[in-house]
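Down below is the structure, laid out as structure tokens.
Letters A, B, C and D mark the chains as written, and numbering starts fresh at 1 in each.
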Amino acid sequence: MTLKVEDLRVYYRTLKGDVKALDGVTFSLADGEIMGLAGESGSGKSTLGKSLIRLDGRMRHIGGSAELDGKDLPVGDTHAMNPFRFHEVSLIPQYAMSAMNPTRKIGRMVDELLRSRGVAPMRQELERRVGLVGLSADVLDRYPIELSGGMKQRMVMVISTLLNPSLLIADEVTSALDVSSQKAVAKTLLEFRDRDLVKSMIVVTHDISLVYQIADTIMVMYAGKLAEKATADVIVSAPRHPYTQALISSLPEVGVRYEERRLQGIPGRPPSLLDPPKGCRFRSRCPLAFERCAEEPPFAEVAPGHSVACWKAV
Amino acid sequence: MLRLDRVSKTFRTGSFGGRELHAVREVGFEVAQGEVVSLIGESGSGKTTLGRMILRLAAVSEGSITLDGVDIARQKDYYRSVQGVFQDPFSSYNPIFKADRVLEMIRQRFFPSMGAADWRARVESSLAAVRLDPGGVLGKYPHQLSGGQLQRLLIARALLLDIRMLVADEIISMLDASTRIDVLNLLGELKGRGLGILFITHDLSLGNYVSEKTVVLRSGRVVEMGRTELVFGNPLHPYTRNLLGSVPRLHRRWSEEEDAPEEEATCFYHGAAGRDATWPGLVEAEPGHFVGCATSGTCAPALELVR
Amino acid sequence: MSVVPDEKAAVATTGVRAEALHFALRNGKLLAGLTVLVVLLVLGLFGPMVAAADPNAYVGPQFAPPSGEHWFGTTIFGQDIFTQFIHGLRATFLVGLLGGGIAAVIGMAIGFTAGYRGGIVDEILNMLTNIVLVLPALAVLLVINAYLGIRSIPVQAVFIGLTSWPWVARAIRAQTFSLRSREFVDLARLSGVRPWRIMTREIAPNMSSYLFMAFILLFGGSVLIGASLDFIGLGPTDSISLGLMLNNAARYNALHLGMWWWFIPPGLGITAVVGSLYVMNVGLDEVFNPKLREM
Amino acid sequence: MRRYFGRKLLIYGLTFFAAVTINWLIPRLMPGDPVASMVSRANLAQPEAVAAMQAYYTGLFGLDLPAWQQYLNFWGALLRGDLGISIWLFPTPVADVITRAVPYTLGLLVPAILLSWWAGNRFGAFAARRRLLDNTVLPVGYILTATPYMWLAILLAWGLGIVAGVFPVAGGYSYAMRPNLSWEFVGSLALHWFLPFLSLFLVAFGGWAIGMRNMIIYELEADYSSYLSALGAPQRLIRRYAFRNAVLPQITGLALQLGVLVAGALVTEVVFSYPGLGSLILKAIQNQDFFLLQGVFLFIVIGVLVANFVIDIVYVLVDPRTRAGMGAEA
């Protein structure tokens, strides 16, 4: 078991009170697993991704724990967490286009970063990895501004995985890219895993069709809670949570036409996370809701490797 | 109705216009009443520039855009007939004013003498057309509304005028999956009311869902266009095929199909050299289906497909 | 291109203005600056009504240190320094308000026009801005004031305003450029709104906090330039200003005579006015830019 | 690269042109007959000076000539290096008077600018995001930038000069000496230099420190800083990078502040009767010596333009992005 997360809660501090962006999340990630973490805006998927490596200024760790390769991961303690970063847990950020220091040559920046983490510069390995993502080694002698968007994205992917982390968090890495580069980037992620450069991976995304292409499992979040986790095929073909079902059936696929088959969205809006309702948070939009939904449904395993938080699915 | 004829756009960049950038080159197609045309392209394809030219937000460098045979540059009150909605719902509203100000601006310019009751009725009927509850959106600030509500409100704004043509530039790409389909369905309903719609998108599956005609744009040129079922069902241009192959689908993984060979993917009027000089023009490969780069002897894959 | 919906956007439920007010009322720098400024403003506005009308009248003993009679002491000619000080404050505020105001208006006009129109208009205005920007303002003012014999405070302020606008024009031009490409501006155009109204009603209100802060900085800058001109000897002849008080103190050797009460108040007055403006500005910056707030 | 500098030089050329035009135009805007009014306003003791001045002004202004001819003549004289004759130090040419004063001004300005910039940036970067320093020492910075240069100069002269008696408060060197190359003279120069330098330095220092503090905070919030933190890089490295990036706008800021710094030096010199351009200006104004004033003005403009150009070059050398961008275009 690579990663075990136990009842993790992370809130955002705002003027109006705490936004309960991540409100009690329990799951685990196996060795070699690529997990797609899907959800809409405000579902808490990005918060979950970030909280496993570094909480930003307004995020507060309220409770819960994480364990990586049998060691306790001190997610709430910025300082104690530092030895794990880069070595054990790494991140490909959403802002890959601006993630590199604009006034340093890339190779030198990587050297300085490595040295600051107590690792000897590894020029040869770096060049090999740069080649692996289809870049020539001379990008290391260039400044970030001299690279195209796709090149920067790939370079950041190389940097983030340089120390072969156990867990890689890829946060919306494809969302700013064109269709064709999306595919290349997604395939590179797959290759990182297949070559054992990273042990397991959480791919945070709002695009289920994309993550379906590369993920072993998909975990769907809604309003700060887990809704469903299963293998990618099960999530796409036989989801059990009403939210997942509605979400999947609202996606137009190539071949589906308005005239022939009219797709439906999900009416309503997600609840405010300042003061979320008790019980199931999807209740107000759910076509299957009944009295019991006023109680919070547990995130329970309904079949091997398939967990759902819904009374109807149990 | 709206017709583009060999439309080009050249931007001058650098100080005192030192360099030229060809954003759109010789693009021609037509949008009829009650028809959705999707304009598909990746970043840098010129699709947004085309939309802006149609909306008269950018000047046409060469060629002409006509509405019912009259050049749009010479039309008075053009915006009564043609309106637009843009990508980012949050940046479409001036953040310091209430959201319904976009409606009020239409009233000031186009209905200055309309009475309050008539106006109110007009607003309510166009809100009803986009399925918005007046109480839920009027008098609210943009940040109090969801992205989907904001985009609908903008469509309602366009409907206040008796428009015949709507340019929808990536209007759902920033919305959540569960709400975007409803806005897309709305476009379908509008075309049922006789509107012509230019739906600009980078997402092929969305274009396919709602449109009658599809225009695929690359580096400012049309590479393929025609009836949507033909373009998607029998893509002829290697670029279109590659694009379609890259679209992530549900129920079908990339690895199950062959990647397009490298040279097909990079074919752009037979490779890198002489792009402009040898643009072969569009050829009607089958009725209602046009493809660029099909007649030249050097572009074997595409040629074979046409045969 | 599809951009990821921002989770924070879903979180933000408070209004921009309400939030700004919330932080404004809790910002120590802003409140402290404002307090000092208001006290000085009241002193400058209403002080002269209460105190003697003529700041240059010879009213008391010469060369007297501060006392109950003459709070700030007297000059070697027996003028009351406190009376001069409050009259000088008034002049200082006038120079700042007028000079800063004129510079703000010019800077805004040029910045908005260049940023919104773009193209050749922008090239020309930008060139003009850059030229005035590199011309050292004080040196230009020295020549103008010396030749034309400008000795009245309002005229002096006008010329200060005419020379100190370029950086504002530059900043506003850049901001207008970025706002111009926002979609609400396009929508306003689609609603048939004319360029002038787009600039004044759509773009400018979005920069109001910035415009206000720019005005504050221009205000302070004008005060300092005005004081320098006065100090060099190009100040008003018929009235008084804080700079002129410093000039007199230096000219009549207050330093060597040990008359600290002559040269400390005017300098302190200028520093307090400009300093409170700057501190207010920093406070405002923190109010409007969440990044600068203390974590 | 050539394009970039070409554009800059064009701007500087036009600026110089504008400055000369101002110099030509302003006297002609004087009400009434400028020659008569200038001669009468200059309170001259020597009658030969009056005559010479009258003749010179009339010849120079050539008011009977068409305006364009007057203008061309003005440029002609200027390009020959003829800035006129000083009235105050009649009959010394203005150019000579200025040449004598310039070393003092430069000796004061250049070290004050460079040192305050360096130290202010260092200090501002150090104080940023360190609550204690930010709340205690930085407010002093605001007060310093708000202080009129001449007032701080007066305070220093009074405190360290008159009261403490450590430093002299007037002149460029001891009045008892004549300029020579002895250690004693150099020591006197340094002693007289210190207070004006210190007052210039302090005011400018406050401004740089505040500017840098704000820039650094922005840089520490930038994406590349977040990325480094996420990868566990130590604060030291992140701050170093932030500093490097924050320094670039400060270089531009230096160019923008030149005018203010020069103005500061002028009034500071007046306080200390320091024999530089500032004191010349004071004398020129007191003696209505317009040629001298105009000459000093032109000289200051040229100095500022040259300094701007030097800063442009430095910026290109320091910022890899400008070089990379220009390399790609060329």
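Simple rule for what comes next: a contact is a pair of C-beta atoms (placed from the backbone, for glycine too) under 8 Å apart; a residue touches a chain by one contact, two chains touch by 3 or more.
Just so it is clear, the structure is predicted and the values come from calculations on it, not from any experiment.
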item	value
Graph distance between subunit A and subunit D, where chains that touch are linked	1
Chain whose average C-alpha position is farthest from subunit A's own	D
Pair joined by the larger number of C-beta contacts - C-D, A-B	C-D
Subunit C and subunit D, separation of their C-alpha mean positions in angstrom	21
Intercentroid distance (Cα basis), subunit B paired with subunit A, Å	31
Whole-Å gap between the CA centroids of subunit B and subunit D	56
Chain centre separation (subunit A, subunit C; CA means) in Å	50
Subunit C residues counted as touching two or more neighbouring chains	1-3, 5, 9, 13
Residues within subunit A bordering two or more other chains	40-41, 178, 206
Sites on subunit B at which at least two other chains make contact	15, 43, 176, 202-203
Parts of subunit C lying in touch with subunit D, wherever the complex brings them together	127, 130-131, 133-140, 142-144, 146-149, 167, 220, 224-225, 227-228, 231-234, 243, 246, 249-250, 255-256, 258, 260, 263-264, 266-268, 270-272, 274-275, 277-279, 282, 285, 291-292, 294
Footprint of subunit A on subunit D - complex, ascending	222-224, 226-234, 236-237, 241, 244-245, 248, 319-321, 324-325, 328
Complex contact set, residues of subunit C against subunit B	1-3, 5, 9, 12-13, 15-17, 120, 123, 182-184, 186-193, 202, 205-206
Sites on subunit B touched by subunit A in the complex	42-43, 146, 176-182, 184-185, 188, 202-206, 208-210, 228-229, 232, 242-244, 246-251, 253-255, 265
Of subunit A, residues touching subunit D in the complex	53-54, 56, 82-87, 90-91, 93, 95, 98-105, 112-113, 116-117, 142-143, 145-146, 156, 159-160
